[in-house]
């Protein structure tokens, strides 16, 4: 048993997918806040990246496997995701101890690009939202078409 | 219902206390790693801080209540925790996608100080350990004796 | 002499303003990179925030004075900047040891909002660019019109 | 001319070495603070790492060259620094806009280990100090003896 298999001990550690939406709970810790007492603006991008990573994890797509070429042998060299574009709205402040939820929706997957719609909420209030364009690249930064295996795994989200 | 009450939807979101040890699972995301491919050394301190915060949370001690003086009226002004001393051993590298566990033990609580023993593990391998001294201070940084209410809540951990 | 006056010992510590453009050099350290070996995407937002803060600093606008109401007595309570909107293009990867430059241009200042155009470059290559909308708010998050003193200081940048 | 050579435009961008002490100025930005209004404790470790990196930079030792094996051909594979042990004292809070100074002293260099003494000050007040043990490792994490070229460069600091 490796650490990557121990998720059964923490059933919801990667959040949940329901009706093509991925939900990830995020607790606000000291590290996330700044002296204004609210969450530092750039940290919402971290929260969204966690949401994307855990959504992919549930779909059985893992960063370390992409990097190591495991199961993704259509492309040579490192293959990983990079963010190309983000349009971000900062709508309200989150505070220490808040329990937030990151919602991730895949809007489109074609060519070398994924388009996602992500929101960070506290209860029903949307505090942050972003339209995110993600590409997949080789070790030397060259964009590659989304591998078929990856596309087929993403299909259930679109 | 406020966001602070929604933890029932994510039962283990603050980890678990078993036999006077608090366990918090931590996933390693992009943000935690550096170009050496392992987790950046200072981030283990963040993981430990999350462990301390969530252990206190389960004991019903909340940072925002300390700050706002709710239920802790022995002391005037902001009251919060500050780290005074840490002795840290970095024993092995954690990698992207790893599921780590932060173990938090309270070794001592007296005067204005708490002494904690914290470890970050992957499976049975200890990757980081620290002896942490924490104080409680007012808004102007003056250390105060640990409030009795707080001490009585911590008792079950020592 | 306070620490805030010691900038004469490090003449360019807040960058430089030339022809209505603020330039801030940024070194890429371990903490800025991730396991892909490049700078983690959200850190470009930190770099831009440093650029905005240092540009304002040269214009003699200081966060701690805004917070404490020093010299800005048109408004009661805490007054500080919040980011409302960002449109971000991630154009190329920065690497460990790179010396980057953040360029900050003020496009517009009216009502409660500032519009800025920011770029992060390595030599002549633009690695990141963003259109940023910033508002000024009170302690309880209410937007306020940009104080006249602040506007008059910003005029030389527009 | 590459970006790595442009430091002449920002003469003090890597700090200064005087009498075997390296001094690096650090500005406190939004990103460094937390809701207590002071600098988040783990960020002092980042400041110290910047100090170490810039001290080595002035001595002409560069992380990207270590990684790429440039000029350091005694050892195969990636070679980089890892922190093994830190004993940290958090002595006082730094605040937004503060101009801090990181002082780095090399206490010892032998075998596979460097021992450093680092302090973070505001004016004459020491806010943080640490005794840091750093090792040099290959790509697979194996410690190696400090290369002679590296030792000879470090000699002027000890």
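Order of writing sets the chain letters: A, B, C and D. Residues in each chain are counted from 1.
Operating definition for what follows: a contact is a pair of C-beta atoms (placed from the backbone, for glycine too) under 8 Å apart; a residue touches a chain by one contact, two chains touch by 3 or more.
Model, not experiment: these values are computed from the prediction.
Shared contacts of chain B and chain D, meaning chains that touch the two of them, come down to A, C. When chain centres are set by their Cα atoms, the one at the greatest distance from chain D is A. Between the CA-based centres of chain B and chain C the separation comes to 32 Å, rounded to the whole angstrom. Inter-chain spacing, taken between the CA centroids of chain A and chain C, is 27 Å. Inter-chain spacing, taken between the CA centroids of chain A and chain B, is 25 Å. In chain D, the positions touching at least two other chains are 30-31, 35-36, 38, 42, 46, 49, 63, 67, 95-96. Across the complex, chain C is touched by residues 30-31, 33-38, 40, 42, 95-96 of chain B. Partner chain C is touched in their complex by these residues of chain A: 35-36, 38, 41-43, 45-46, 49, 63, 67, 78, 80, 82-90, 92-93, 141. Residues of chain A touching chain B in their complex: 1-4, 6-7, 9-14, 25, 27, 29-31, 46, 49-50, 53-54, 57, 62-64, 67, 95-100, 122-123.
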